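Structures follow.
Shared between the two complexes below is subunit A, which pairs with subunit B and subunit C, respectively.
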Partner chain A sequence: MTTNALSFEPVRVEREVETISRPSLSYWQDAWLRLKANTRAIVSLYLVIGLLLFTVFGPWLWQVDSSAQDLDQISAPPGAERAVTVVDEYRPWQGATATPVAGAGGELQAPASLSVAGDATTRAVRLQWSAAPDAGGYRIYRSIFDTAPDGALGLPLGDVLDPTTVSFEDRLDLQPLTYHYSVVTLDDRGREATGYTSVPVEVTRVITAAQAHAKGLIDSADVVRPGDVLKLQMHPLGTDYLGRDMLARLMHGARVSLFIGIVAPFAFVLVGIFYGSVAGFMGGRVDQLLMRFADFVVALPFLLFMILFRILFNVQPGDNSILPMMVAMVVLSWPAVARLVRGQILQIREEGYIGASRLLGAKTNYLVLRHMIPNTMGVILVTLTFAVPSAIFTEAFLSFIGMGVAPPTPSWGSMCNEGLKTMLTTPHELIFPAAFISITVLAFNLLGDGLRDALDARMRATE
Partner chain B sequence: MLMYTLKRLLQGVVTVWFIATATFFAMHAVPGNPLTNEKAVSPKIWAELQKRYGLDKPLLEQYGLYIKNMASGDFGVSYTQQNRQVNDIITEHFKVSATLGILAVVFAAFGGILWGALTAMYRNRAPDIVIVFLVILGISVPGFVFAAFGQLSLVKVNDWLGFTLFPVAGWGTVQHMIVPSMVLGLGTMAFLTRLMRSSMLEIVNSDFVRTARSKGLPMTRIFRKHELRNAILPVITVLGPSIAAITTGGFVVELVFAIPGLGRYFVQAVQQLDYTVIMGTTVFYGAFLVFMVIAVDLLYGMVDPRVRLE
Partner chain C sequence: MSEAAAENLGQGTTWNASALLQLLYLGGFGVLGLGFILWALAQWNEGGAGDAADYATGTVTLAMSQEPPQLDSTRSTDQVSIAVLGHVMEGLLRYDQDDQLVGGVAERWEIGETSATFWLRSDARWSNGDPVTAHDFVFAWRKALEPANVSEYAFILYGIRNAEAVNRGEQPLEALGARAVGDRQLEVEFARPLPYFDKLTAFCTFNPVHEAFYESTAGAYGADADKLLYNGPFVIDQWIHGASLRLKKNPNYWDADRIRLNVIDYAYITSDPLATINLFKDGKVALTSLNAENLTDAMQQRWKIHRFADGSVFYLGLNHRPGRPTSNYHLRKALQAVHDPGELVYKVLKLPGNVPTNSLFPVWLKGVRGSFRQEYPAPKHHPDDARGRELLARALAELGLAELPPLVMLIGDTPTSKKQAEYYQNLFKRKLGIDIKIDAQIFKQRLAKMTSGDYDIVAAGWGPDYDDAMTFADLFTSWNENNRGRYANPVLDAAVDVARSSNDPQTRMDAIAKVQKIIYEDVVVLTQFERGSVYVAHPRLRGVVRRSVGTDPDYTNAWIAPVGG
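Take a look at the complex of A and B:
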């Protein structure tokens, strides 16, 4: 190798060997990008936002009183017929009479014929039948099912204990359905004969002009004549067993369910962060003692403490116990979060930047608040998202067994509980609140999955 | 191993003692006592009642008696049911709850392992997508909705068949047990399926499975001996907490299917504020769960030789 003057030229300093082509991303920007790439999580995020909007603004847009009863439409499914016919004022009915027939002895027979007198309306169904020989009276039954297959006659409406009367007027809680009326002959001691005569009756919904005015279906200036058809108030999702609007109840129920589902986890996560960071930072004996206590709290039975707080807050049976419910959740649910935060703090405590910060004279409070807690934020956020569904489940479960939200306050859980009783005849009363619970829980679960993948490299699921 | 077992058992006893103490003092911190619910009685009868239930003694003496009785396995007498021992209530109704719970856990564990392994084998193909969808559904739908729909579908099935294949409610025969335990285990099964799937996916791509495959071992053998055995471990870990989830979820299933289990009794006692029954069942449940978790941890040490118990 030859050496010449060139060899002693200073090497030209190459500037900008490495350039950062894009601005560097902070932890949260990176997480947001990752989350955006996850379609399921983003859809769930929109769902959660939609549910919150539904809860907050819904009652403003749909201004129907959630406790007002619409007695014309009880347990109406969504999209039910809303037509109602105007009729004259109610006039009492004299009924029908017949001279008792003397029979040839032997077994009592059911009336030979049974028919409806006049129109069958939700105001009254008037039945009349032919006199049965030797009858001492009659008993009238009503069923919403066909009596033919198994001879189950349904609800006994009343007895007619005068053999000359062969009519009955039913005014008991009539709905626009097809009813099956049956008449059974009684002997002079009031014992039932074996046979029965049955007739299906289709009931039409009616209203008087005065009632229509009172309900605001028509203006006071409007004139309606009997036979006109009006439209009843609309219930987009139907009504429940007391005729209350399901949509309004779902919206108000969402306020209760989501309030508990979001506020309670927030509160116990805060407690958990505080407890866990104290334990993690102090370390040693204090840490041991604090965590042993947390282990005990985990083992405490939730339901028992729920009862105790109900008594402490002086909640009478039949009152709402939203506050005791939330207190019980906070008092018993923090240990899981505390344990998680403690683990994180123990790791972070040993990191170089903590030592550097301490060398620069940082105080303990500053270290914890500025360095440790922000660095555990990802894990905490994920825990919070997964805590929401379980809190919503807890509320629903407690309301379901009658220890949570009491009527008339709606919550999704209590609505499910009420809907369960009429599951066979009007399934929409169960399906809607159950669907809302499921969708909310699903959205928070998927969002939690997405957040976990985006925020925490260690917890990333192998999908 | 023996030391570890003893240590864990001791810890368990301390935990149960803590539960008992906490419930006792929490109960007595509440103003009044259970007998204040009774109608107006003369002071003499009141004093007699207090004496009968031991409520006239100082609090610490009551506590000492309570712990002493509990240590000898005596939970006292029910307040609302005359002369009925809490012990009798527990022994009579816990059998039912335990049968239901064990069936549910077995159902959930087998189902979860099977479905989880299936999804991992058919990753991103039709069976995987369908099962993962069902799993998400299972995690998101509340237990009482499952119970209600389970019962509803039973009605329909029996109606369609024309005879009673599975009774809709009640308890007694094997047919009574099947549907409620399936409903009870469903949520846990969904959770276990998810866990099994991710654990299985990890195992399928591991070195020892690749080695086994390159040795030319038959697929079924690899599946049974290499993949399944290793993938099952995380499922066993969460089995302890799962049993806890299933026993608490049992309340609802017992209510809906009218099963005379302890859970239903507990909810009833809660509604009637029957303090001795509430405390007895709580401590009993607490002890059951604590020792269940310990048993599962010990089992885990036996199944996985990598885990050192100390």
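Take a look at the complex of A and C:
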């Protein structure tokens, strides 16, 4: 058997051992995959996106003026009854008079009867009563609770210091509720007798046709007659202490809160990255100098600078101080980021691949931009997401103490401040802005948490 | 790798177990320690406080809104100082529990056409035992008028002969028409008829000052508890600046038997009305005002709620200085046309007791025979938006502007004034398209800005100093320092001149009615409401007098009923 060249065949090299079974993933793709696996972080991400949509597109969808005051629905909770009856124009009431009755002496008696004249409406409740013997005057009380068990009569509405007048018109903050009115007789020196006469009064909410037109409840072409029932404007989240729509205010407030919460951290993180990478990369004396200056900035008090910037920016009373607030935040908050970035850069500078890259002739710019900053990205992103809630809190705090936005501009912080005063009677004025701050801060924190886990290169290695 | 990890884990758990135990120990001690500190603090805080109105010791505990800024009676201007002075000092006359004028240091008095005479009681004493003499009054009044003393209330003495000239430094102090005839007789000559001089003497600027003591304090008179000499029912026993102020019954007071409280303890100084209400709820203070937000709560607590008109009138002051937009008559008229005091009071402020008004003169003022406002009704006012816009167009044409620059509204820093300002901001924007910038300032700063004219509109109020319509009527005269908007109108000045120089009630009231009309027609200010106040008191604290003119609240006649009494 002869062998020649044809007897030979080239060996087929099977290179399949080297094949990558799964598609290769970039750093970001991998991070995204791991972020997706983290339910908390994903929910937070959707929340953050939702909040941004709420802020940017909300006011287009819900076109209610955030400073319009609906004085018929002050501090109305969400879902409050909105039915209102049309009535005629208001006409002044002459009241009722009676001849004073001389008594047989002895103790002063409360009026024998107390009744409502005409309809009891949110516009006015007109009371009249029978003259009490020897009365020097009368005092009228109103309560939203029953007076019966212990004679707690509630609010003193007014005094009638003329015994011939036996009527009183109440126009004070009438709501469609049942009120308990009481009348107490006064002696001629204005002291109260012990007894009282009480009557429960159910008040209906009313509006005149002219007011309904002015408020846009009906078209000008519509004809309404007294007795017709209309609906007042809808306020899905209720109204505040001046009848302003809470939903519209929350949306406009979010613009301020999120604007500061996102723009300020971005700005100071950028400053911090630049400053920190310069210090870290240069090292030595420059690093010492730069970082000592950073230490100095850390020691500066924020509130004092906030006030100084207000003066510097010539913020007139009644102007918003959003710009000085942002400048103060940027000027004073960057050192934390700078320190973090510097630490990272110092560490990365000594890594082997940096040395290799340098040997291959990489320039400083390339080293910093291609190797160092991307490797600190994880830390930076996390800092950023944690800086957002703290900036929102700072804005809320400054608006809370009255150094932030000026009325009528709302912000979540100033809304909390206003809602706090009526926390016990109308809690929705505090709960909604407080909930929005809490949810936003929580969402950013959880997202930051998730990002830290997803972007950590060392965790990638252990999987 | 996995082994190493397991090992680490193992080490971790053992470390954790011992650390947990240690942590538990430390945490336990920590919690115990903290608990003890809290407990000790609570004990210390409650130390001997007892009830806010304590029958056994005759002590009533209260809160005040700020510590008295000026207890030198010749220079006091604010309500807190005047209220404290009302308890520790006594003038020639005072108001009793029925608001009647009765003798204080003066035993009897005569008010004539051109002069008045006061005879002082022999048993009136200072807290150091010295008798209160007519010289003390003459000294105090001269001091109040002394140009170097810069008393803001000097003008209240101007009814006395030569007082104005003395205050301007044109005449020596000795020229003042007040003279001591011996120790116990005081002669006063008037610059013009002064039928209400007796009412004036109850005001704190007329209080006596002990000359020798005043000089011994070397300029610090009234700055501390021992820098004051007292002649009233109480003395300041202890004054911890910024924290508390305690008044004690004055044994040297001539009418000490009348005083039934032993101690008035202003244990809390807080400007937060909510804090005071909470203190009342906890039984720490015996009296507190309520605000609109707390009324429902107060009804629910079934407290006995009281109401009283404090006598003051609130208004939006306008800046009449030339160059200010508000100096334009038609602009002021436009603001007035859309202004609705009823809406503000009934829907925004929501506090019973506030009464909407179109007049600068409150309803309680006396007229010729009966009530001034019944004899001379307030101007009728109907808000009319269309007319407001018309007037604004005329104003803009006169000012030569296409659009009005934002107007600055100067307000106080209380929650209520902010709420009110936001209401006006929206009202003027919606109805007239005028932008309002809100400038919230603390009281002192607001006053400084009012004086320098650094505003367009200011939320202000005026409380009466004495029980006569003149206390309101001369407010906007060209010579009054309190006319902060610098309104100047010869017709108004002339009317006030007539009212203050006449002795005939009819002539005086006719002239004051003219002032009432000018203030509305020329829109000197936009009147809002007569302020009422709503308060709750400890059920066993009796005899507290609330009044519109004079010391308020007045505890000098108060007493504490025993439990069950």
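Worth a mention:
The definition used in the following text is that the second predicted complex is superposed on the first by the 379 of 463 C-alpha atoms of A that agree within 3 Å, B and C clash if a C-alpha of one lies under 4 Å from a C-alpha of the other, contacts with A are read in each partner's own complex, and residues count from 1 in each chain.
Here is the rule we use: a residue touches a chain if its C-beta (ideal position, glycine included) is under 8 Å from a C-beta of that chain, and two chains touch if they have at least 3 such contacts.
This is a predicted model, so every value here is computed, not measured.
Of the two partner chains placed by superposition, subunit B and subunit C are both touched by A:L424.
With both structures placed on the common chain, the touch criterion links A:P301 to subunit B but leaves subunit C unconnected.
In the superposed model, A:G402 lies in contact with both subunit B and subunit C. Contacts of A:R285 after superposition on the shared chain: neither subunit B nor subunit C is touched.
When both complexes are overlaid on chain A, the residue A:L155 reaches subunit C alone and has no touch with subunit B. In the superposition on chain A, A:R22 makes contact with neither subunit B nor subunit C. Applying the stated contact rule after C-alpha superposition, one finds that A:Q69 touches subunit C and leaves subunit B untouched.
Taken together, the two structures place residues 317, 402, 424 of subunit A in contact with subunit B in one case and with subunit C in the other.
The touching residues of subunit A, counted against subunit B in their complex, run 295-296, 299-305, 307-308, 311-312, 317, 389, 393, 396-397, 400-403, 413, 416-417, 420, 423-424, 430, 434, 437-439, 441-442, 445-446, 461-463. The part of subunit B that touches subunit A in the complex is made up of residues 15-16, 18-19, 22-23, 26-27, 29-30, 136-137, 139-145, 148, 152, 155, 198, 201-202, 248, 251-252, 255-256, 266-267, 270-271, 273, 278-279, 282, 285-286, 289-290. Per the touch definition, subunit C reaches subunit A in the complex via residues 98, 274, 293, 295-297, 299-300, 302-307, 342-343, 345-348, 350, 352-353, 355, 406, 408-409, 413, 415, 418-419, 421-423, 425-426, 429-430, 436-441, 534. By the touch criterion given at the top, residues 67-69, 71, 74, 142-145, 150, 152-158, 171-173, 189, 241-242, 316-319, 402, 406-408, 421-422, 424-425 of subunit A touch subunit C in their complex.
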